[in-house]
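Next, two complexes with subunit A in common: one pairs it with subunit B, the other with subunit C.
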Partner chain A sequence: MSVQKFVLAMIGVLLAGGALAQDSVELTSSVYKQVLVEKDDGSTETQLVAADNVLPGDRLVFRNTIRNISAEPAESIVITNPIEEELVYVAGSAEGEGMAIEFSVDGGQSFAAANALRVVDNGIERPATTKDYTHVRWVMQTELAAGAEGTTSFAADVE
Partner chain B sequence: MKTVSKTFGLLARLGAIAVALLLAQQAMAVGTDPGVQVQNQATVTYQVGGNNQAPVDSNLVEFVVDRRVDFTVTRMGTGLTTTVLGTSQVFVDFYVTNLSNGDLDFNLDFTQLVPGDGDIYGVGTADTGVDMDNVTVSVSAAVDPTPGTGDGPAPVFGGPAIIDDLPEDQSIRVRLYADAPAVAPNGAVAGLSLDATAADPTTTVDLQESGSWTPGSIDNVFANASGATGNVAIESDNDGFLLQAAALSIVKSQAVISDPFGSGRAIPGARIEYTITISNTGAAGATSISISDLVDADVTFVADAYNGNASNVEFDRGTGTNSFCLADAADGNSDGCTFDGTTLTISGRDDSIPPADPDVPIDVAAGATVTVNFVVEVPTT
Partner chain C sequence: MKTASQRLAAAGQRTRACVFACVLLAYGAQANAAGTAVGTVIENTASVSFDLGGTRTTIVTNTTTLTVAERVDVVVTLASPQLLVAAGDANRALLFTVTNTGNGSETFSLGSDNAIGGDDFDPIAAVPAIYFDSDASGDLTAADVAYTPGVNDPVLAADESVDVFLVNDIPAAVANGDIGRSRLTASSLTGTGTPGTVVVGAGDAGTDAVIGTTGGEASAEGEYVVSDIAVNVVKTQLVQDPFGGSEPVPGATITYTVTLEVVGSGTATASVFRDPIPTYTTFLPGSITLNGASLTDAADADAGELDTATAATIVVRLGDLTLADGTQTVEFQATID
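Right, the complex of A and B next:
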């Protein structure tokens, strides 16, 4: 390796490190288990509890919180969340205020609205089901002001 | 046009049903295995001032799927198994179904039911306090081809006593072998339960319900109908045997068959025939019965009353042909009949005419009656 190439490589490393240190946003993920709780009056309500014991059939809620930690507004924000193969997305569960919600059925290579997704199954094209979803993403329609934060969430069942 | 439309609608519905069935089968077959680690990490891309920034990953959220312990034990019988007292290796069948999200072992045991356990198959089928003997557990050699039906191979005596690695959503037959007791009242009910305890598929140790959550490890969550018994998961089902016993009654009667004067009275020189009637009102046959009768010292046992004067005891077994035996002091003819001067003992018969000396046991089938006749004479001196 020439000295010139080495120096360039080191600059690259430093730039990468600098970029990490200077992220303008931070993204925090959490997971909860959705349970049905009976109240004193006999009625029931769903509550989110810590996802401690997780069993097949359990419904989990994944939540992402994005916060702009810089002094500048952040734009074109897209949050992408994979849906593990052990999980099945719950139809209509994705939420994100001021965000367009799209899904992928090809491992995150392409995204579209839920009703536009199609898959080829044994040579036959059919509308995608939630079992086909591999990713969900939220496209923020506005910029995220300095110091502001936004939240996204979706629910999935453990197979 | 309308017809075509209807046909299409029907086909569409049939297709929907087929899809529903397929989905149901898939739903039964899937279930994330315990120990599978599920991770979740989101990524954000964004711009600042119109310039793309390096993507930012969220923290990694991860959890381990725990073990849902759920299973059932189901008897295969539709009623008590009728069994004659003393019969060996009678059995009742069950199948155990693993409804958990992974392989499970099952340690198997049995319980002798007691009357307080209640009816097994409806009114009148409760255990009556009789136990079966030598109860053992045998597991089938293969799982049921159709889960939840018990249609797998019949377990054989001496087969495995535990269920090893039963996959999720599969079932396997289990048989309780037992020997019927030798003595019990006719109609007694001996109940057994098969008790299956969920066990670790690797160590075969009974699974304990996890008291608190341990991050990163497989916790056991009992979802079986009985929940935790102690701290383990046990499911049971009951079955039982209806025991058939012989119920013998014996009645003795007498009749003057001859006397010197034709008076029909028991005067000196008169011959009196005793008839011993043995009836079996039970549900099982009685075999190898033995009859003893103390002959009064004031009468004389007549040695040549039947069979052309060759026998002194006659049997009527309801076959249309009577049998005989010869009660002699030393039982020199080995036909099971002896008379030692005071006691007549009858434990065999001879079906041959003339007598051929075989010693045939005396049996009384369920519902049958056997009469035994012998004759005494009132001494003239």
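Right, the complex of A and C next:
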């Protein structure tokens, strides 16, 4: 990397979704509460509602929308979302079309598929559970064309 | 004098059933951990890295911020077994545990109710009727502080619990086997009602409070069962040695006198007195008497015998006994080997 490119990259990091995002890629996050609603016929369905008055035991859905607002395709896109300490990832909930989904159990230093994760607990290695997850990330398998949009989501329960 | 074991034997089946139910209740309460504390801020910031025009760039998103609200929940469990009581008993205390299963600090009011359908009598609430188990002894003692509504309503942190006594008197006009129930209710002062109801601004740390699945109110019932019947047994012995004295030497005769008396109301049906002949003594044949009348050693038509099937044991069938039958006296003799 040339010095010039490095400086540009650093500016990109520092501006973090600010001015530079205007002519590149946008990422917006939103959070909803997932509730079970009873319908007139007695059956129930899940709905996403505003995340007001979040309580222990509530299920939250985090959604990230990525949009390429530049005139060129964006490549090697990786979206990373931390899973806060008070949250427990809901197994199988992460979604993202055309994306490989990986998890971290070490604070985001390394990532692997769900079934490949292991943790060391009191000196004994064991398969990781969803409670161990610290981050989830989506690795886009294709490029994102100019003007195109993609969505990722996952659910987590409030402890 | 009624002993605990005699009373328990009178209603053992019910007691066991209750203990099992209580264990289940306690387990249920345990599962209701309060969870993330009210006021906890959950922030989420995602990031994206990408290559654009040959440059690797990472940007972060807007941060979503959630503040955990207060969930108002309470659980009341009965900690006492079914209490065996006698007619006219005073200050019989049932022990309950009130647990704040919400995620914030909460103040609860306590109340009692003895007019419960389906039982045989209404216990009479003592004045005051509710005490805290201040000395954590599990028994109502002089050190325990009475509860006064609005004055010392218990304030419990998330997951915290307090032990509370409900104190009642037993009416004089109750029959053996009658059951009376008493209920303790704990209600959140923040609010009670349909789960999901929002009490704006009433939560800790400036949050809204939300009524949880318990409705912010919980109760449990304790049970008294009248078990007046008890059989008092007193055994005495008199030693006569071969030399005219009272030394317990080999060859001395021991006269055992056992008095049995029913106290309280009810009938001790098919009462049987059994007493093994002590080790190092030998039963003196023909020495059994009931209320002064001799009984043969053989298993025959009369009320008593020496049962030698396993160890030598005196058996006297007393039949159905009530208070009106008065004291029954069994005597027998053995010699020291």
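Keep in mind that, in the parts below, the second predicted complex is superposed on the first by the 137 of 159 C-alpha atoms of A that agree within 3 Å, B and C clash if a C-alpha of one lies under 4 Å from a C-alpha of the other, contacts with A are read in each partner's own complex, and residues count from 1 in each chain.
Just so it is clear, a residue touches a chain if its C-beta (ideal position, glycine included) is under 8 Å from a C-beta of that chain, and two chains touch if they have at least 3 such contacts.
Only a predicted model underlies this, so the values are computations on that prediction, with no experimental measurement involved.
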item: Side-by-side fit of subunit B and subunit C on subunit A, or clash; value: clash
item: Identified clashing stretch of subunit C versus subunit B [150-158, 240-248 or 294-302]; value: 150-158
item: Common interface positions of subunit A, toward subunit B and toward subunit C; value: 16, 20, 24-25, 27-31, 51-57, 62, 64, 66, 70, 72, 74-82, 84, 86-87, 144, 158-159
item: Residues on subunit B engaged by subunit A in the complex (per definition of touch); value: 30-32, 36, 38-50, 53-54, 56-61, 63-68, 101, 210, 213, 215, 219, 221, 223
item: Residues of subunit A defined as touching subunit B within the complex; value: 16, 19-20, 23-31, 51-57, 62, 64, 66, 70, 72-82, 84, 86-87, 144, 152, 158-159
item: Interfacial residue positions of subunit A with respect to subunit C in the complex; value: 5, 8-9, 12-13, 15-17, 20-21, 24-25, 27-31, 51-57, 60, 62, 64, 66, 70, 72, 74-82, 84, 86-87, 144, 158-159
item: Subunit C residues within the subunit A interface of the complex; value: 34-36, 40, 42-64, 66-69, 71, 103, 198, 207-208, 210, 212
